[in-house]
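Consider the two complexes below, in which subunit A is the common component and subunit B and subunit C are the respective partners.
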Partner chain A sequence: MRKSRNRKQANISFNKTGYYFIFPALITMFVLIIYPLLYGVYISFFDTNLVNKWDFVGILNFKSILTDLNFYKIILLTLKFSILVVGGHFLIGFILAHALNRNIRGMAIFRSILLLPWLFPEAVIALIFKWIFNPLYGLLNHVLMTVGLTSEPISWLGSKEYAFMMLVFVCIWKGYPMVMTMILAGLQNIDKTLYEAARVDGVSKWQEFLYITLPSLKSVLTVTLVLDTVWWFKHYTMAWVLTNGGPGQETSLISIDIYKTAFEFFDFGKAAAMSVVVFVVCLAISKLYRRLLRDE
Partner chain B sequence: MKYRKLTAVLMAMTMVAALFTGCGSKTEEPAQTPAGQEAQGGDEKSDSGKADGEPITIQVMSGMMGEKVEGAIEQEIADDFMEKNPNIKIEFIPMSTNDVQKKIITLATGDSLPDVVGVQPTWLAQFEEMGIFEDLRPMMGEEYVNTYFEGALYEASVGDKILMFPWLCTPTALLYRADWFEEEGIQPPSNWDEFLEAAKKMTKDTDGDGKIDRWGFSMVGTRNNSGESRFVAMSRTWGVDEVVDNNGTWESGFTSPEFENFLTYFTDLNNEYGVVPPGAVETGYAEAVNYFSTEKTAMMITGSNAIGVIKSQNPEVGEKMASCMLPTGTTSCSATGIGGYAISATSEHKEEALEYLKFTLLPENILKFAEGTGRMPTQKDVMQDEMFNQEIFKGYVAMLDKPYKQPVFPGYVELLDVAGEAYSNIMGTGQSVEDAMKVVKEKTEAILAENNK
Partner chain C sequence: MNKKKVKSGKLERKGNTGAVIIMLFFCVIVLLPILWMISTSIKIDSEMVAAVPRWIPETPSLVAYQRFFKDYPFLMQLKNTVIYTLCSTILIVICACFAGYGVTRFEFRGKNAFMSFLLVTQMFPSVMLLVPFYNVIKSLGLLNTYIGMILVYISISVAFATWMMMGFFKSIPLELDEAAIIDGCSRFQTFLKVIMPLTLPGIASVAIFSFITGWNEYMFTSILTTQANMQTITIGITSLNGERVMWNDMMAASVISSIPLVIVFMFLQKYFVSGMTSGAVKG
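Up next is the complex of A and B:
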């Protein structure tokens, strides 16, 4: 009896020790993640300049944005942008990961080259592409005009027809290596005997992919999909540098709208309220993915 | 058991201590000045409370330090000051001009503004509301204040307070290729009809390959401060005030027929007449200047600061250009376009900061700056220098006699964005002027209503 009580005490004591060890991490998380998050929610209930004006307005900021049709248009545009970019990442990521998942000599060099877009800062990539797309001096127009595909320079970032798709293209180019790397890691973890067994059973390549590769990658895909979607849903840098959200509002993503509301129009309360809505949308996307891709 | 528990607690405490020590260690490292000198001490904001004999560090957040020509001259002046005042060290925080406003807000909310901050008049109303800058009038003294142009002082003030040291000005005028105008046998335009005619004549195929390769007007059509400020500089001459204070009620000319007429004229330059290079709405200031300096365009509406940039990009073009007044519509006017420095209200070295700013404004320094960059003085006597009789400054000097007094309106930047959205939509998405005007009216009225509460 006494022995069992002692063991129980030891267990309790052991559990407490665990808490002591996670305490620093807990504080760090609170300071760096929880506090800023809660502070953002707090600001959304004020009309404030963050320095000396703090007028409590209740849910007025939320009411203002949720009754504004333009806000929904921007959210829809951002969703469309995220779907196209993430879709592009997965398509290219899958193809390249498959191509790289072979034991061919010199493959490491290709892997390094294909990873390059991921290594460059977003602002640098945006500036490079801005000049590539420049109507007068840009490489793209030069090539197209040289081969006779167009006779006049095209305004890639300044016209309704092209601006959005060019932005999507640059974002796909920048982001596919992350998806490619994750899928490649997943592919390399699949047990090779599964494929051997499938081949003995005479299954086709497509069936291999459908019944072995995809199910084995499910957990990797879920994490990658959530991370990639949320990342691009709140993307700002390249859209701002390339188009400033224009022409008109053709590439005005929600992050640009929030940025302008806060740092150009000094309406921090409204910007914070918009950020809270974006947070909720991202949370919903994450839940949706988890539900759809849940392991049976 | 007790020992294990104690060890765990001690380790946890050590980790927490290490965490915070790690976070705090940066402030103990000496800061590096652009000249590669080490600043003294670890106070992030400035070196207060030094022992006798140790220099005081004045931190200067400068939008011009990021520019090639301006940055070099500003550093040169600061080095000269430090040599003459070994007890004061100037430490620059370079910043892109377009980012300064955001950076100021971020630093102000963290109560960590540098001692001296580069600012533009457009933002002063908001900054005054935040109470983050010192009123410079009592520090400067009336005698010193009176050395400035009235227009420069007006733009640097909010009410009776002078919030920024008017360092230099860049009035808006028309920069043009004098040699091409001479070749065509035409005079620089004095009104907007002549401007359009001149732009049409300058737009041509110069190498005979059947394609237009030179355009009349380097339009800055981006939906940002660069584009919008030029747009309203032009619209003012059509009799459109962005905002006016009518006995305590804010009103805007953006809802007027004059604005609609100007919006039509402005966007037709691209849509109808094709006198601007392709991609107007993606052409920012940098691209527009680049087109001018690479001989792709003949005219540009810009501040005098473009002179320095064009000269540095292509000295040959620099020799061939001249300036004239902005074409007149129903009136002729230009904002002084001052730029300058404010002193942070929380600075512990206000006197030293003022001493430095006054030094930078000594005639020899400001003339050195004007010669290199094209940015002009804000002090009356310095403007008498013969440098400003040159053809290149002629239009800018003339515009200084037509100062436009823009009221300090808290929603000004938002209002500018309404104009930016309108021309961007018309030129970039093919929206009609009528539809764009509906949005302009709706948004303008909402902004006015918000500020008339």
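Up next is the complex of A and C:
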């Protein structure tokens, strides 16, 4: 480690050149990410509609959010949603990555098909499922009624019982290929001789998984877990297209709530304050993961 | 050696049947909705509301596809999508390449802060950018313009793309830089002529990632474009999502809007899968 660092420094005689290289990315991020973010934090201290009302209110927005029970309810709902979706991604991702990590003829075809959900735009996927779940002419109700599992059509996205789980299902369907790909690559990086040695020692499959596979995948899993969780925690598109957050507030994820606060109620200050809180939650989640999965 | 191979082959084969069954099961779950979309897209209006839906339509027809070109602004919106996505992808890849090279080849102050910032950006809810963006773009007079939208698309994936790119540059040994410099290349020439060609697989995967993300974009575009002729195809399709839905038209548009992505991916799949992961595994 040390050696390579020394070499690096020897190799690099002019320090400023590094800045030239990161300059394009840095300036882009400054203008397009950092500045808008700071602006967002700034707005969160105002009661504003962005046009003719700019009243400085200090931390009042935060106060009103953090004392609002409904906000906690929505955060909890979003957490439940992300845990279910990410859990689904990892369960399916693990199963399929294990299955794909073999030498079977035609494996490339399986892999291509299993990656397909990644390629379709979220809005399109939401519409396809909305059509399948359609209470009157949808495929799902027709199949269930033909088989006899239900006697009358179910309004999948319009009923409090089903809407949330349906949304979770669609989000798992859309998002598992990324996790699967990551795990598969991790599996292919594991030294095969480890397994051979374990087999000689008479280790069971489950122990193999627990003591060889999981530890070897740790670094891939940590990154994937953090990204997948925060990405889905902030998810917006499919929930919006499928249910608009309804029925009632059953599928009102935090991003949808922020969106409505800003662009339906034009309370931009409060929306920005809510975003800041979400950022803190996401940061806390990633810190928590890193602590739990840290290498000793 | 040979014996060993046969033995381990046998062991592997034992689990293969199970693996194939599992994969077949999931392939069916993946393919059913996609096939249903295609099936719906070639149905005529009256069959949409048939009491018994059929997989193969009674009278297959391309009428929905004809209407795609005639009755809706979809073609225009498809063009917009291509412009936004392609331009932003090119610019993102350029930024990511330079930054990836700079971060892996040089020591400078703020480097670690820069690198961790790339990941921290993933924690910000994009809705949070939406409010400021709306105001910034509006005050610059860039609402409903190509430049404004391309900027927005860049902001969506530039940070993650840069982070992915770093993984690739890290995997290329520094000795190559040294050799090139000894041979009389300048830093920039080394970057452009020696190192860049070696990271082509990485560039391909970063490009596909940005392309998919851009093509997927929905929220920003729905707020920041208010004119139909500046919107993207996904916005156009979802705007049909109302009380009385023409499902066949909608599915035909969905098919057309998904085809470019599938084609791009099928050609570059090899790079993408290896690339997506080598950035993450090593990063």
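Methods note: the second predicted complex is superposed on the first by the 280 of 296 C-alpha atoms of A that agree within 3 Å, B and C clash if a C-alpha of one lies under 4 Å from a C-alpha of the other, contacts with A are read in each partner's own complex, and residues count from 1 in each chain.
We adopt the following convention: contacts are C-beta pairs under 8 Å (C-beta built on N, C-alpha and C of every residue); 3 or more make two chains touch, one makes a residue touch a chain.
These figures come from a predicted structure and were not determined experimentally.
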Exercise. Fit or clash for subunit B plus subunit C once both are placed on subunit A?
Worked result: clash
For this session: Counting touched residues of subunit A, say whether subunit B or subunit C comes out ahead.
Result: C
Exercise. Looking at the overlay, what does A:F263 touch: subunit B (first), subunit C (second), both, or neither?
Worked result: both
For this session: Answer with first, second, both or neither: which of subunit B and subunit C does A:G87 touch in the superposed model?
Result: neither
For this session: Mind working out whether A:P135 is in touch with subunit B, subunit C, both or neither, as first, second, both or neither?
Result: first
For this session: Could you look at A:E152 and tell me whether it touches subunit B, subunit C, both or neither (first, second, both, neither)?
Result: first
For this session: Mind working out whether A:W118 is in touch with subunit B, subunit C, both or neither, as first, second, both or neither?
Result: second
For this session: Go through the superposed model and pick first if A:P215 touches only subunit B, second if only subunit C, both, or neither.
Result: neither
For this session: Report which listed segment of subunit B has C-alpha atoms clashing with subunit C; options: 93-101, 129-137, 237-245 or 309-317.
Result: 93-101
Seminar exercise, completed: Note: overlapping subunit A surface for subunit B and subunit C spans 16-17, 20-21, 23-24, 28, 50, 134, 136-137, 263
Seminar exercise, completed: Within their complex, subunit A touches subunit B through residues 10, 13, 16-17, 20-21, 23-24, 27-28, 49-53, 133-137, 151-160, 163, 243-250, 260, 263-266
Seminar exercise, completed: Touching subunit A in the complex, subunit C uses residues 8, 12, 15-16, 18-20, 22-23, 26-27, 29-31, 33-34, 36-37, 40, 48-50, 52-53, 91, 94-96, 98-99, 101-103, 105-108, 111, 114, 117, 119-136, 151-152, 154-155, 158-159, 162, 174, 177-178, 187, 191, 212, 215-216, 218-219, 223, 234-235, 237-238, 241, 245, 247, 250-251, 254, 257-258, 261-262, 265-266, 269, 273-274, 276-278, 280-281, 283
Exercise. Which residues of subunit A touch subunit C in the complex?
Worked result: 7-9, 11-12, 14-26, 28-29, 32-33, 35-37, 39-40, 43, 50, 92, 95-96, 98-100, 102-104, 110-132, 134, 136-137, 139, 142, 173, 178, 181-182, 184-186, 189, 196, 219-220, 223-224, 226-227, 230-231, 234, 236-237, 240-241, 254-255, 258-259, 262-263, 268, 271-272, 275-276, 278-279, 282-283, 286
Exercise. What residues on subunit B touch subunit A, complex-wise?
Worked result: 1, 4-5, 8-9, 11-12, 15-16, 19, 101-102, 105, 108-109, 126, 129-132, 211, 221-224, 277-283, 287, 290-291, 296, 410-411, 413-414, 417, 421, 424-425, 427-431
